[in-house]
Structure formats: structure tokens, C-alpha cells
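Okay, structure first, notes after.
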Amino acid sequence: MNTTRRRRIEVLADEPLIPAITRIAASAGIVHYTLLPVSGGAGVRGRWRDDQLSGATSKVMLLLVTSEEHADAFVEQLAPMLETHHLLLMVSDVSVVRGHRFD
Amino acid sequence: MNTTRRRRIEVLADEPLIPAITRIAASAGIVHYTLLPVSGGAGVRGRWRDDQLSGATSKVMLLLVTSEEHADAFVEQLAPMLETHHLLLMVSDVSVVRGHRFD
Amino acid sequence: MNTTRRRRIEVLADEPLIPAITRIAASAGIVHYTLLPVSGGAGVRGRWRDDQLSGATSKVMLLLVTSEEHADAFVEQLAPMLETHHLLLMVSDVSVVRGHRFD
Amino acid sequence: MAVDALLQPVVLFFLLGALAAFARSDLVIPEAVAKGISLYLMMSIGLRGGAEVAETGFTHDMALAGGAGLALSFLLPLPVFWLLRIAAKLDRTNAAAVAAHYGSVSVVTFATGSEILRQAGMPAAGYMVGVLALMETPAIITGLLLARTGGTANLGPRGGLLHETFLNGSVVLLLGSFLIGMIDGKEGLLSIAPVFDVPFRGMLCIFLLDMGLIAARRLLDRQALTVPTVVLALLIPLINGSLGVGLGTLLGLDAGSAAALGILAGSASYIAVPAVMRLALPEADPGLYLGMSLAVTFPFNLTIGIAYYGWLAAGMAA
Amino acid sequence: MAVDALLQPVVLFFLLGALAAFARSDLVIPEAVAKGISLYLMMSIGLRGGAEVAETGFTHDMALAGGAGLALSFLLPLPVFWLLRIAAKLDRTNAAAVAAHYGSVSVVTFATGSEILRQAGMPAAGYMVGVLALMETPAIITGLLLARTGGTANLGPRGGLLHETFLNGSVVLLLGSFLIGMIDGKEGLLSIAPVFDVPFRGMLCIFLLDMGLIAARRLLDRQALTVPTVVLALLIPLINGSLGVGLGTLLGLDAGSAAALGILAGSASYIAVPAVMRLALPEADPGLYLGMSLAVTFPFNLTIGIAYYGWLAAGMAA
Amino acid sequence: MAVDALLQPVVLFFLLGALAAFARSDLVIPEAVAKGISLYLMMSIGLRGGAEVAETGFTHDMALAGGAGLALSFLLPLPVFWLLRIAAKLDRTNAAAVAAHYGSVSVVTFATGSEILRQAGMPAAGYMVGVLALMETPAIITGLLLARTGGTANLGPRGGLLHETFLNGSVVLLLGSFLIGMIDGKEGLLSIAPVFDVPFRGMLCIFLLDMGLIAARRLLDRQALTVPTVVLALLIPLINGSLGVGLGTLLGLDAGSAAALGILAGSASYIAVPAVMRLALPEADPGLYLGMSLAVTFPFNLTIGIAYYGWLAAGMAA
């Protein structure tokens, strides 16, 4: 099978921040994305669980599959906010079919 | 620890298609799988969110851990449907303990 | 961007076992974690879906990002329980920014 | 009747939802709750319809209405398919998928219509719930024949499409509850009436709030909707609905039941049919068929269609 | 009583769910809704039982029934364990886990049984809810002693297993609601009766629809069930239930309460006990203990068991 | 009034939830259900308030109460901000974020308070629901001005913060339902009263059970709470509430409405404001503002605050 290497970016962020982050992704050339629910966790700010009461502390996992170039642009733009906005950012490699779909 | 390299396959698909896809996986020799919920996203067909009204546009993430050989067989079989059925397919490497469990 | 290579550990486990597993992670030096919901699957014990009735057969995916050293310690400790407790353990590589946060 | 109908809480909550979505509010009804209420509505409609039929027994009208419903569901997709091909230039697959939606019915449109008709003093007969259940699936068969596709065998359902169609969760729940209603009758259901009868309209309000949100958001995201498809999504219910009312009146049904047949004919499915189409015709665009049925036809019926079918039926009966 | 009981909506909805699952319909109740209704049932049962006890005050019968319940829950796992070892050839761990389930109780079986008994004119006393709460946990202790395992210390709960057992969410909610019912009494609960009293049976219908789906799907997926275990899952409730009715009658309880004690003894837990067992005996197979208690014993009790215990209690009282 | 209020089911269920969480029980209300009930409460409060206003028409008192509410919401954050800076040594951003919470209001505290006041024979006027809606957002504006931050432009909402604030889901639902209540009036809402009126207190019980669990778990996880912030979270509601009661009495409102104004002034938001703050002041610590408002002030108001404001209003009126 003809597969291509692409970057898989995952960003864990508070739900209210997601629209702003997908806007940053779009400005870095990544317009397609997928959102995965997250149910709880623990970090420097302590434990949390998704209580949905205000949604203020609910988190969502944003998944982006894209080219190395776009990935770098996105990470560059998001980096300054990682600490202040308590985001978790991970980048890894994946193989995809129809690579042009993920440029 | 004695770990082995295996393929991690993720397929994002519309919920109604999942039983058919797990059947294809089984015919490629992969009978064990895990399903993860997905809450929204955007692709060439525009934005969607899981409204569960009919379930017709709900998506699910299928996770398969398997050997390279089975993975290739599965990808080969699924490839023609990726475009027509709007599937997202990703393959990456993972290490597992008790490798024989994931052949 | 200044990224560092870290280990990404995923453990699929029955919900009631999660507190015990995060305790093991903590004793291996990994105190931060994220929990992702899982909706169903199939393994040697047959098919399951999350019916939440008793929660006894609900599963949860635990995500840990950490250094190689801590990852090895954790896998070492968890390994004997993989078979008896029907856990799924996967380890892979990710790049993160602010690597010291994930030691 | 028209203005009154528009100011009822059920309709106002639908508008509230639509306005909130248009104003880009972040208001969201949790999916599980919306799904739960949707199941509740099926159970409630089924039980109440079944209990009424248990009281009246089988009648001549019932058989006529059932036959009319079956015929409408089987045949309405044909002119709709033709319109979509000619006027909206849709390809065969998409036209067939959309046609199946318009031949089938919307349970919530029926439920809202029944409440509005009852309020207006011309209630539909209880057996119309049975007709509703009969009309859900035949249109799917016509739609699949129109699509003429043996195509996507690879991802087809194991039990075959008919299995998938008749055992769709919402069809099973509606029919099953109808049967339970027939077995137990009004008496037998008395102890569960505080759940399945009394709160019905209130639950419908919450559900319509969610429908307003979903329909408006779909309209905002419209990728697949074009001017011709939107126009057709307004025209088709009017035509089909009028046919339904006319046929009902011709067959001698009471005005309320004729109006209900019009509501059924004029409504388009957005629960059972999309779920089957996604499987049977995966190349058809869900943005198109859900856009038309959910984002255009449903609000149209709720605000104008129902009142019009009621007015037409009352006029024809007089 | 038997046939009537079978045709009540609660039972019919259970059958509808089971049939839908057997026919491989895709009908699903959202987990959050099912879980929510399950919590609702606990609150409602607890409140109503507590309020009744508040009215009657503590009585001699109450103490007797409580003692009997405790004894049954502690002791019933012993013969069950023995049967499972001999007749089904289960290993020690699995036999112990299953035995704990049969010593403990099923809240929904009790709730359905209470409704059916009330309908049949032989209502159980309010304090039986207290007995229900008392019977939930002792069997777990016996089960763990039978398993004789210090084993899985690694993944054991921090607070110890007893903590886990007594603070299981459903146990806490049932007991807490019982106490609130005792504090506020019927009067004090009047303003919340429209939620916790009146809709009870209707909510039970929705829950049993889901139970039917879950039980039948589990039966279809049966990996762990064998002929001997299925037979035992039918036999054990009959034996335990008869013992419960007999003991209740011996102690001089009214027929309704004796029947309720039989229902409790004959029922098997599928909420509280599995959650604890998953933690305490992780090597035991959930497919086995949930298969037996949920997929075989629960439907058996719902359709036959309850009617039989009622019939037995009525006969013994006469 | 105080002791009676504490023994009502709504409060007892809150305590049950808190105790279960403190005892580390695994009791959990599914998020979707809790969220659904929270939306239900907004709809119900809005509809009932609107219907009452539809009956009385606009009055002088109404305008006064509305003006007082607006003023309180705009101004209360100022002294609160100052207290937090001086006494708890919070930085500007965190102090501003917390101050916004205390200027705004808690819908559930208001709902519980209204029920308790009604029970005690001094019901608040229907228009107080309108005042509640008015008080939700002004404090956010003051808070943002206090934070003096143009800061986080990068992740700011597209439509601007005011858009985000006024179109917060819960604000829209409350206001929209209030309008629907005004349009349809008591008469028009009769058919949906079985859902939005009768079961209100019972639904509140379930919600408060969840609030007890959430508040207590937050207290157990307290990372951000210090002795000074906890003390302030007890003191601020007392001060603000007394100011509210005093102002209401001064303006000549009836005792029930003056007490309700006190409850509003004394309560702190934990739904609408946190959602906006997370976006507007992401550097502020949610553990701090949710800890103070949800884990300390809310339980305090529920158990002591409401009774005290009622007592104060009754005393001042006499």
C-alpha cells in the first residue's frame, strides 16, 4: 500500500479554548480536525474530572494530522500559550494513505 | 522489559459502518479491537458534532493493535473505501508486552 | 521549536482498577495523567460495551507522557498484572515542548 | 389556528433553540439527554396510540388509513426523485437518498402536529400512530430501488438492508410500545401515565429546543445545500402534505386524521432513514439529506406546514 | 397472579428490550440515561421505604426481618458456593465470586416485585427496604472469605475492600435516601412526591427496557456460560427464594413481606457486587458472574420467580 | 426557619452528596444527567418567573428591583476585589476573576432559596427571576475592567468577550424561558406544568445531591484554597447578602423579595462566570474561583446564608 508519513498532533485543552485553537490551526494551514472527549486527569493544577457543570474545567483532545511543515508552524504559534493556558501538546509520526489529503 | 513492536491502526468512521469494518479486520486476521468515542470535527464535508439524533453522522474511532502483516492486509482491503466512505486511517508503531497477544 | 522525545504510555483497564494503576504510576514517578473514555471492544474475553450499569465492565484509557526511565519502571511494575487483569498496554514515542514537564 | 399554534410553548422553544444557534450561543443539550427524550417520545406515542386502538378495536377507517399510508410511503419517493433529478440536478444516488427521506416520516413532526390538532379541537384518531409506524420503512425500499446500486457490498450490513431497516431502534421502539399499549389498554397503562402521558408536551418542549439548535447549526454549516435544494425542501412537503390530506379526505377519514395523514406525507425522516442510508448508500451526502429534511423541511412543517395541513383538512371536510 | 404479572407494562418492556436485542436491533438506551434512572430508582425506593418506617416506628417484625436478611446474605453464599464447585466444576475464585452475587440482592428485582405484590393486594412492609439495604453487603464478605485470596494486593483499593463495599455508590444512595425518608416522613416528602413517588412505575419501565437489551445481548455474547451454570442460575434463585419465603413465614411476617424476603433471597446482585468483585477478585470472570445474575437469573425472577415467591408466601400464610 | 430549612429534602440530599464524597464513596451522577437537570432548572425558573410577570404586568417595584440588581452586580465586585487583594494577597488577575464570581449570581442558590422562602410563607415576587437574569453578566464586565488585561488576545473568542458573556448558554436559556413564560402566561403553560412546575423541587433534590458530591470533591482536591480565601468565601456572602437585603428593604420591596435580593447578592456564580473567565482570563486559576464559589460559598449559603437572609429581611420588614 502506498502510505505517506505525516505528523499527528494532539492538544489537550480546556473546552472553551478549543475554537480559538482550531483558528490557530487554520492559520497554520490545518483546517481539518477531530475532537475526542476526555474524562479526567491530574496535572500541576491538581486532579480534575469532567463535571460539565459550567464546562469551564472540561477538557477536550484535539487531533490534527498534517504535514511536517504545517505542524511546525502550528507548534511554533501555540508554544507560548502552553504554560499559561495549561495545554498538553504531543507530536508523533503516523502513516496515512492518500497523503495529499493531509498536507 | 521484553517488548515487541506492533502496528497501531486507528480508523475514524461513521458509527453505522463500524460493524462492517470490524468484519473486514477479522477477515484480515485482527479479531480484537477497541472503540473510542469522538465528539466532533471538521473535514472536506464540513464541520460535524455528535448529535446522536439519528446516529447517522456520529463517528467512532476504532483502534487495532496487530502485526505488520495483518495490518498491511487490513489497510489493503480498506483503502478503496477511504475516499468513498470518508474514513480517516492512521497507522503508527507501538511497543507492547506479551507480543504474541497482538499477532 | 525545541522539542524533546518522551514516552507515551496508554493503558486500557477496567474502570475500578484505574485508581490502583495511577498509584502504581505515581510510585514509578509519573504523577500526571489523563483519562479517556472508551465505548466498547472485543478481546479474548469476548465483546463488551460500556453499559455503566455497575461500571464493573466499563473500561477507561489511561494516558501517561513521561521519560524513558519512568516509563520502564512503570511497565516493569505493571507487567505481571497485564494477563491476570486483562489490561492492554501500549508504549510509543512522542515529541513534546517543555520536556522537563514530562520527566 | 395558525398564529395560536406559533405561540405555543413547543414552537417557541424550537424558535429559542434556533435563535440561540444563529446568535452562536454555546447552548448545548447533552446528546445522551436528547437521545433519551427522543426514545421517550417514541414510547409515549406508541403506548398512547396502542391504547386508543385497544379501545376502538379494528375499524374500516383504520384499514383504509393504513393502506393509504403504505401507498404514500412507497410511491411518494418517485415524484420527489424526479423533481430532485430535474430541478436540483442531483445525481442518481443523492436523489434516491433524499427521496427516501421524504417518503418516510418524522415522528416529532407527527407528535407536535397531533398536539396542535388536539388543542385546535380536531384530534387525529389513535390508529394514526399505527399508520406512522407503517410509513417509516417502505420509502427506504423505493429509495434503494431508485438508487439501483448493488454497490457497496463491502461495507453492507451482515443481515442485509431490510433487516437493518425494519430493526432500526426507533422503529422497533415505536412498534413495540404500540403493541404494549394495545395489550394493556388505557386501564393497564394508568399506573405509568404519570410518565408516558402527562409530561408528554413538556418533554416535547425540551426536545424541540434541541431540534432548534441542531437544525439552525446545520443551516449555518450548510455545505451541501444549494438554492434549488432549499426551494425543493419547502415545496415537497407542501405537495406531499396536500396529497396526504386529499387522499385522507377522499377515503372518508375524519378531518383530524386526514390532517395527520397530510402531516405524515409532508414530513421527512431524520432519524430512521439517515441511519439506514449511511449504510446503504454511503456515497450519498448526509449534509444534503439531513440539511434538507432537518434544517429546512422540519422547521417549515413545524411553523407553517402543520397549520396549513390542518386548515386544508378542515376546509375539505366542510 | 402469574399471567397478570406477565402482562404488566414493566414486564412487557423488559420483553420488548430482550426481543429487540435477540433480533439484533440497534436499539440502545444511552448509558448516562440508564445510569441516571438506576440512581433515581435507588433514591425513590429509599425515600419511600424510609417514610413508611417513619410512620410505623421500629417494630418487632422489623428487627426479625432485618436479622433474617442479614443471616440469609451471610449464609446463602455457602451452599451456592458448594453447588457451583460440585455441579458446575467452577474453580474456587469464580465460585466464590458468583456465590457473593447470589447472597446479595438485586434492587430492581425487589422494586419490580414490590410493585407486583402491591398490585396483587399483598404489599410488602416499608421496612423491607431497610432489609434490602442490609442484605447488599454481607454476602461480599462471605464471598471473599470463600475465595481465600490475599492475592491481588497490588491493585487492591487503598481504603481496603470493606471500605469499597460499604461505600459503593448504590449502597450509599439507597441508605442515604432511606435515612432522609425517615427524617422527613411522608409529610416532608410531599413536595417531592411528583418526582420520587408518582412516576416510579413509568421510570421502572424505561429501566427494564434497557435491562432487557443488556441481558439479552449478554446472553448472545455468552462466552463464559455453560449448560451447568445456566441450569444453576435457574435453580439457585428457586432454592434461595423458597428459603427466604419460608424463613419469613416462620418468623411471622405478613405474606407480602415474606414474599419480599423471598424475592431478596432469590435475586442476585448485578450492580454493587460486580463492581467490588472486579477489584477484589480480578481473576474471576465478569462474563460468568454477570452472565448468570443478569442474563439468566434476573429475567427468570422477573417473569417467573416473583410470581412463584408471591404464590408460595400466600399459600404458606393461608 | 433555620432548622426547618436544614431538614428539608433538598438540603439533606446536598448533605448526603457531600458526606458520600468526604467518605470517598464512588457515587457519581452521570455528567449528561446533571447537565440536563441544570438546563431543566433554568427553563423551569424562567418559565415560572415569566408567567408571574405576565400576570402582574410591569410594576414600580419591578423597576426598582431590577435597577438594584444591576447596580449590585456592577458594584459588588469592587469591594470584593479590594478585600481579596488586601486580605488574601491575591494577584490582580485572580482577584478580578474571583470578584466577578461574587458580583454575579448562582441560579441554584436562588432556586433553593425561593423554595425555602415559599415554604416559610414569605415567597419572593415572580419578577425576581428577571432580576436574577439581569445580575448574571454585569459583574463580568467589572471583573474584566479590574483585571485590566488586553492580554490573551491570541486565544480570545472571535465575537469578543461581550458576545461570549451575553450568549452563554445558561443565560440564553434562562432569559429565553422567561420570555416564553411572559408570552404564554400561566394559562398557556398549563399543559407543560407537569414537567416545568410540579416536579421542580424533586429535580432540585437530584441536582443538589450532585452539587454536594462536586463541592465536597473540590474541597478534598483543594490545591488553590488557603485559609484567607476560605474565610473570605464565608465572609463575602454575608456582607453582600446583608447589603442586598438592606437595599431591597430600603427600596420598599416586600420581605420575600428583599430576602431574594439578598440571596442573589450573597451568592456566587459557578456556571456562567467560570465559563467566560476560562476564556477571558485564562491565567486565573479555576481551582481558586471554583473552589471559593462552589466548594465554600455555595454550601454556606445553602445551609446558613439563605436562612440568615430570610431572617434579616423578616426582621427589617417588621
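For clarity, chains are labelled A, B, C, D, E and F in written order, and residue numbers in each chain start from 1.
Criterion: contacts are C-beta pairs under 8 Å (C-beta built on N, C-alpha and C of every residue); 3 or more make two chains touch, one makes a residue touch a chain.
Nothing here was measured: the structure is a model prediction, and the numbers come from that model.
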Exercise. What chains, if any, are shared contacts of chain C and chain F?
Worked result: A, E
Problem set entry | Same or different residue numbers at the chain D/chain F copy interface, by half rule | different
Exercise. In whole angstrom, how far does the Cα centroid of chain D sit from the Cα centroid of chain E?
Worked result: 40
For this session: Return the distance between the CA-based centres of chain B and chain C, expressed in whole Å.
Result: 19
Exercise. Where the centres are mean C-alpha positions, what is the separation of chain B from chain F, in Å?
Worked result: 45
Seminar exercise, completed: Residues in chain A with touches to at least two other chains are numbered 36-37, 52, 55, 92
For this session: Check each residue of chain D and list the ones that touch at least two other chains.
Result: 26, 30-33, 35, 275
Seminar exercise, completed: Counting only contacts in the complex, chain A reaches chain F at residues 14, 16-17, 19-21, 23-24, 45-57, 80-81, 84-86
Exercise. What residues of chain C sit close enough to touch chain B in their complex?
Worked result: 12, 36-44, 59, 61, 72, 75-76, 79, 82-83, 88-92
Exercise. In the complex formed with chain A, which residues of chain C make contact?
Worked result: 1, 3, 8, 22, 31-37, 60, 65, 92-98
Problem set entry | Contacting residues of chain D [partner chain F, same complex] | 7-9, 12-13, 16, 19-20, 23-33, 119, 198-199, 201-203, 205-206, 209
For this session: Would you tell me which residues of chain D are touching chain E in their complex?
Result: 30-33, 35-36, 39-40, 43, 47, 159, 163-164, 167-170, 172-173, 176-177, 179-180, 183-184, 188-189, 191-196, 275
